[in-house]
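Think of it as A, B, C and D in the order they're written, each chain with its own count starting at 1.
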Amino acid sequence: MLPLILALVVVLLAAAVLAPATARSAAGRPLVYGAALAVTAALLVLALKALAGYAGEAAPEALTLPLGLPWLGAHLRLDALGAFFLAVVNLGGAAASLYALGYGRHEAAPHRVLPFFPAFLAGMNLVVLADDAFTFLVAWEFMSLASWALVMAHHRSPGNAHAGYVYLVMATFGTMALLVAFGLMAGPEGSYAFAAMRQASPAPWVAGLVLAAALVGAGSKAGLVPLHAWLPLAHPAAPSHVSALMSGVMTKVAVYAFVRIAFDLLGDPAPWWSMAVLALGAVTAVMGVLYALMQHDLKRLLAYHTVENIGIVFIGLGLALGFQAAGIGWAAALALTAALFHVLNHALFKSLLFLGAGAVLTATGQRDMEHLGGLIHRMPWTAATFLVGAAAISALPPLNGFVSEWLIFQAVLVSPQLPEWGLRFLVPAVGAMLALAAALAAACFVKAFGITFLGRPRSAVAEHAKETDAASLTPMVALAALCVLAGVVPGVVIDGLAPVVTGLVGGRLPAQLAVPWLSVVPVADFRSSYNGLVLLLFVAGAAGLTAVAVHRLATRALRRAPAWDCGFPDASHTTQYTAGSFAQPIRRVFGTLAFRAHEAVDMPAPGEVRAARLHVRLRDLVWDGLYLPVAAAVLKTADLLNRYQFLTIRRYLSVVFGLLIVLLFTLAVWP
Amino acid sequence: MSAAATNALVQAAQLVLVPALAPLLTGFVRKVKARLLRRRGPSLLQPYRELARLLRKEAVVAENASWLFRAAPYLVFTAIWAAAALVPTFAAGLVLNRAADLIGIVALLGTARFFLALAGLDVGTSFGGIGASREMLIASLAEPAMIMLVFTVALHAGSTQLPWVAAHMAGAGVGLHVSLALALVGLLMVALAENARIPVDNPATHLELTMVHEAMVLEYSGRHLALIEAAASLKLLLYVALVACVFAPWGMAPAGAGAAACALGAVAFVAKLAGAGFLLAVFETSIAKMRLFRVPDFLGAALMLGLLGTLLLFVSRSL
Amino acid sequence: MTGLGSQALAVVLAVPAAAALLLALLPGYRAAARLNVAACLATLAAALCLLGARPPAGPFLHVDDLNVVFIVLNTFVGFTTSAFSAGYIAHELETGRLTPTYLRFYHAMYQTLLFAMNVALVANNVGLMWVAIEVATLTTVVMVGIYRTPEALEAAWKYFILGSVGIALALFGTTLVYLAAQPVVGQGLPAMAWTTLMTRAAAFDPALLDLAFVFLLLGYGTKVGLVPLHAWLPDAHAEGPTPISAVLSGLLLNIALYALLRFKMLLAANPDALAPGPLMVGLGLISVLFAAFMLYRRRDVKRMFAFSSIEHMGIITFAFGMGGPLANFAGLLHMTMHSLTKSAIFYGVGQAAQAKGTQRIADIGGLTETHPALGWGLVAGVVAIAGLPPMGIFMSEFLLVSSTFARAPWLALTLVAGLLVGFGALMLRLHSLAFGEPTTGRSQGDAPVRAGRLPMFAHLALVLAAGIHLPGPLTAWFQHIAGLLG
Amino acid sequence: MPGADFGMVQGMAHDLAHAFPGGMVLVSFLLLYQDRMSGLLNAFGLHALVLALGVAWQAWLQDAPHLYVTAAIALVFKAVAIPTALRRIVRRLKIERTIETVVGIGPTMLFGMGLVALAIVVMLPVTVGVDPVAREDLAFSLSVVLLGLLMMTTRRNAVGQVVGFMSLENGLILAAAGAKGMPLVVEISVAFSVLVAFIVIGIFLFRIRERFDTVDVHALYLSRGERP
């Protein structure tokens, strides 16, 4: 199967190479995106097939190509973990490609998008397949480069150029960190093949360094706080279908990198690893959602939610590490399943949401929620699918987002069995932060959906928006359906993940499809269980019945009238709540702590005829405290050294002379 | 009669009983409050009458309201109904208790709130906005607190399934635990916030700037409003049932018990409701509503109680 | 077979020499440019023959695994550069920056330079190599000053003086090496021939070798452009004609480094000699860090890439200083990849500067909009030079950093920090060069001829190919040399 | 080697072989001491002369005829041609007759002493393998080289620096000649003469009056916008 997969990836690369030729012609878009769609769909099928095979204890496939390092070759391998992420990658890829068939029509600079889109997909696929450090890093950085080029597609706007720059530098920083990790694992004689690394058992401190490096490397790509700074800049800057890929899929590839290193290559974890990962994950989750609440740019808000969800995933991974260190296999399996499940879920609903945002963007040309509103009337389908996505990401039953977070909570509840006191105390606190993040996410998406799609239009463009084309809608509907499906019959996903989890932590969850009524029973019957199907049927059925009953037995009379609004209805759309005003209470509560938020009201004196203004200043503490100082230090050093460039020749000669004398002297006094 | 069948029956009974009793509880609380204020107050059945009246009235909907606005009341009501149907009231054996554990119940309430808040934003009035944004603020603090309390209880009982929790609590093994006491206090605080009671919110006020829940549903009328009112009282009953089930599971009929036990359980439950309603009324009349931005401190305290509860639990466990 | 080899070697040396004389006499720049290209092509062909057939080592000339690679590289880049310069020069004439008389001189000097570099590479004699490198330096000095603007003259003069001192120090080192060899090998030519030196090195007086290496490192290090001996390099690159900048960065630095390598091999072959590693590692690291920071304040595009050359020379020196099969392999690979990539970048930069009529980075903007092929080519080049995959430099940096980490984490961390700092600067400038609002620039004359673009893409294609798949023989040669380098 | 009374010749040979390099070091100090242009050029002529003698002596000692060529070059080119050329340049370009030094003569001399000491300390232990003549020869030539560099870095005038460079390079030739049987010495000395010629011509062509960097570097970078 692996050769076939490779062939498909090569097709993607070929499409990337041929794209520039067709990019400017009308045929270019359908050709490239059509090819991408076909390939990713095929890859998705193959990946699922492989995953099913591994459930049947099939051995992982591997092969070596005469590429890359001459004496090593390019090792490729497809195991359960790889297959799962391959499926995630190509699911998102297929959705984005299909969407782009329609969305691409509005692209201003197709020649800057078409060549890099398939390359990006190919890069992500290769990362998941790579089985030696060199191939992995090549694929990894290739992925970064392609996505950077896509971010720079609309390079005219200065914001994007800055975004691209920060992104590329951070990406390379991450690559370097991964390089460090691999270098430490490979040892001086450079055994770069993953197989060799699995065999090697590094010293504890080396392993610790590797984990730290992996956390930095993968985290900077996934968007862990404080390495997230590039993400909310870069993801929105790209065309929407690319944003969907970057947020929904590429961050997952980063998660894959961490899982591969921490669980597969690195051997037995130490307890403090899980503390580090847990703490980072929790901080990331809460900070991410708080950042998101402060945004009124729709796509940036979504990007910050990616940060939040990555935090949730890492909480799951941290728990898994902790349980594995304590040797509680089944609990580790539970936590890891939860994390991977959330990976899939986030890929589903974040892609969906970004596609929706793209639809809004094409329909109105607006990303700023303050200029949107009332779109539910103009774009019913987009609104409906976006609503599903919003409910899913807010972890509301019976949708998929809830299931994974519920599983993580179940894992948190196992914490008393952990031996370390530190972890015992940390885990419940992390659970609280997770709950806080989930609740805030709900608030944030009430804002996102309510301000964008509900209420009255806040601008002419929003008033005359048109529903997007079918090609764009199809993937959104499909993703929404998948969100519901994964929430209603989570057993399928959990059982599908079983081989992956077994391969990594030894244990696995009990087979869920055997449980009556498709309930989910992660640990034991008496402990906890959940059944999304029943909830869905009950709520839907009961709601329908109630509606029918009320309409029948009571009245169905309905009168349309102006809004009541306590008797003071105002026609002007400016009287509505805005995104900013919606977030104001939360800003008041959390903002001072998280953003040094500062509000100043500029109230005109009585009799003065000008609008009162509310100025809000938010500082990004991470940016101020970490990135700006580093940049300043670098520039200062540059200025300092720059003086050396303006000496006279005689002084340069003196430098040479001095160096010579120093060397001779050392040689003279050398023992 | 097989256990499954009895469970099904019990479940059915509960499905009917819960919405039926909810308005009564609300009426009872109002009555007691009026009494405490030396008023005669409306009759216990007044809430039923109001519901009936609203149901018969025609619904007036703003011109620009979307389908969401009209669908929300049904969703909210049924979501809360489902949640309430899953909390053992008079008997533990519920056939549906597999569907959602304690966390699931909390999340169901979250779903209801989510759609209600959206509905508040739908018409695009300032009051709807105020209500929605404040509601979400309170929720974003109340939910984590609730989850922490759930943790305390669940870690204690080794389960998040309410019947098991109830059984564990009723069992002999449970002494008087500090952590449980903390959990109880915290749960009561969250319950007050979630049900928009004094001191967090005032169900009776229409002074715009102080109201939260009422502002959110300001645009509703007729049958929609009826459903929302019903849902509100249902929610109150749910929390009472929850507290009762976890901290006072006495008299509750165990799974698969006979009719007599169920009847006894029902009586016990009604008694619990009455007691809770009375306490609530006394509390509400004896305390003033707090400013909105004091609410975070209030709920933060609840959250801290929950966290403290879990940690103390570890300590006591390890001793 | 060897007969063919010796003939090829003869051609490699004779053709440039003859061409130099011819071009000095030949008027008319079109014919001259064609002849220039043709001569380079012939040399390249002969060099390629050398790959197959090695001549026997003579007293003065020899070809072995190490220098054969560099001969081919040298002649190849020389050829592509001549092709590029044909177009470049035409434009310079139109804009009147150069006159036909100067052009005649230019072409003659170009061939002389190639000749000198080839001699330096194939020289089997320490003294001969020294002379050749000096000649090469002098020719480049003249070429740098060819525009005769005050800046150009000042740059040439700086280069000349610092270079001469370097040459002097190198000569002293060479004498010391001879003195070390003489008691063992005996007087006369054998005591200066690489072939004999390498075989007998073990018996030399180690202390004398150490002393010699100090002088050689300073002498040839000046040519390599190691900080703090680099002062001449940025100006020389910035002020000369772009083809010369390309040859300087791509080839001359390599030649000097090649000389250093030879001597390092000598020391490596002697067990008691103090390992030159720490010295080279130190200078290399200093160069990387210094150049990385210097990149930030550059406003002249050619000067910026000159500093990037310093950075890469530092990386290579660091690699050889670290030693060990992996690091040495990385160093050799990096040398090759860097000269290909950097010359390609200079081709691109030269055309960009001509297209926009300025070398100020601020005035060159949005190239991907105005000149898509050129712009994207430049992007690819900078991406390659910044060490991003799938280009070849990534492979060497990967090997270097990862192998260093297992041995000396702190050194590796410092190196990585330097690389990142440099990367930041390069990308900052790349964004303003290739993207953003296109600038019209102060373009006088028409856009540069298209043919000039071919060499750039040829080089980039090679670098890409090497990054994806390294041909077997090359790997074998490098591994062999890496072993010898110790 | 021809000659009957081997020992005496041997001894005298050694003495002379010491004498010339030692003399060069002395003359280098003399160069450092000069503060007037004319005196400097004369002193340099002397320097080259001593070099020529030394090389010639080495030629006789090693009976290596090609070294006579080197000696001749040194004599004709360095001792006569270059100084006269420089004198004419000084007159033509009206270069001021005093030599501007960076640090005073005294400290320079002291530093020079230190350099000589360093050279000897570095050289002598190193070259045990080599025969004694070459040893001393090397030690002296290294000091000459270092003194030449010192001169280049402490003189502000172009001419002063050129003279420093040429004295440095004399030291190199001395070392090369001292290395027994070293080939290519002639070629090397020729190459160096070319180099020196270039420098002198450069001074003349580019009208570099006072310093190498007479072109105001500061203004120049401003014009390139390189100066921050």
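In the analysis below, contacts are C-beta pairs under 8 Å (C-beta built on N, C-alpha and C of every residue); 3 or more make two chains touch, one makes a residue touch a chain.
Quick caveat, the model's predicted, so the values are computed rather than measured.
A.B. asks: Steps needed, at minimum, to get from chain B to chain C via touching chains?
C.D. replies: Between chain B and chain C, the shortest chain-hopping route counts 2.
A.B. asks: Could you tell me which chain's Cα centre is nearest to the average position of every protein Cα atom shown?
C.D. replies: A
A.B. asks: Look at all chain centres (mean of CA atoms) and spot the one farthest from the centre of chain D.
C.D. replies: Greatest centre separation from chain D goes to chain B.
A.B. asks: Does C-D or A-B have more contacting C-beta pairs?
C.D. replies: Of C-D and A-B, it is A-B that has more C-beta pairs in contact.
A.B. asks: List the centre-to-centre spacing of chain B and chain D in whole Å, with centres computed as mean CA coordinates.
C.D. replies: 101
A.B. asks: Nearest whole angstrom, what separates the Cα centre of chain C from the Cα centre of chain D?
C.D. replies: 31
A.B. asks: In whole angstrom, what separates the CA-based centres of chain A and chain B?
C.D. replies: Distance between chain centres: 35 Å.
A.B. asks: Taking the mean of the C-alpha atoms as each chain's centre, how many Å separate chain A from chain D?
C.D. replies: Spacing between the chain centres: roughly 70 Å.
A.B. asks: Could you pull out the residues of chain B that touch at least 2 other chains?
C.D. replies: none
A.B. asks: Return the residues of chain D touching two or more other chains; collapse runs of consecutive numbers into ranges.
C.D. replies: 122, 149, 152, 161, 212-213, 217, 226, 228
A.B. asks: Give the residues of chain C that touch two or more other chains, as numbers and ranges in rising order.
C.D. replies: Residues 157-158, 161, 165, 210-211, 297.
A.B. asks: Where do chains touch, given as pairs?
C.D. replies: Taking the chains two at a time, the touching pairs are A-B, A-C, A-D, C-D.
A.B. asks: What part of chain A is in contact with chain D in the complex they form?
C.D. replies: Chain A residues touching chain D: 639, 642, 645-646, 648-650, 653-654, 656-657, 660-661, 664-665, 667-668.
A.B. asks: Of all residues in chain D, which touch chain A in the complex?
C.D. replies: 102, 115, 118-119, 121-122, 146, 149-150, 152-153, 156, 161, 211-213, 217-218, 221, 226-228
A.B. asks: Touching residues of chain C toward chain D in the complex: what are they?
C.D. replies: Residue list for chain C touching chain D: 125, 127-128, 130-131, 134-135, 138, 150-151, 153-154, 157-158, 160-161, 164-165, 167-168, 171-172, 175-176, 178-180, 182-183, 187-189, 191-192, 205, 207-208, 210-211, 238, 297-300, 303, 360, 362.
A.B. asks: If we count contacts the way the header does, which residues on chain B are in touch with chain A in the complex?
C.D. replies: Listed in rising order, the residues of chain B that touch chain A are 55-64, 66-68, 71, 74-75, 77-79, 81-82, 96, 98-101, 103-104, 107-108, 110-111, 113-114, 117-118, 120-130, 132-134, 136-137, 139-144, 146-148, 151, 154-155, 158-161, 164, 208, 218-219, 221-223, 227, 292-293, 296, 303, 306-307, 310-311, 313-314, 317.
A.B. asks: Show which residues of chain A lie in contact with chain B when the two form their complex.
C.D. replies: 373-374, 376-377, 387, 391, 394-397, 402, 406, 409-410, 412-413, 416, 424-425, 428-429, 431-433, 435-436, 438-440, 442-443, 445-447, 449-451, 454-456, 517, 519, 526-531, 534-535, 538-539, 542-544, 546-547, 550, 553-555, 557-566, 569, 573, 575-577, 581-586, 588-589
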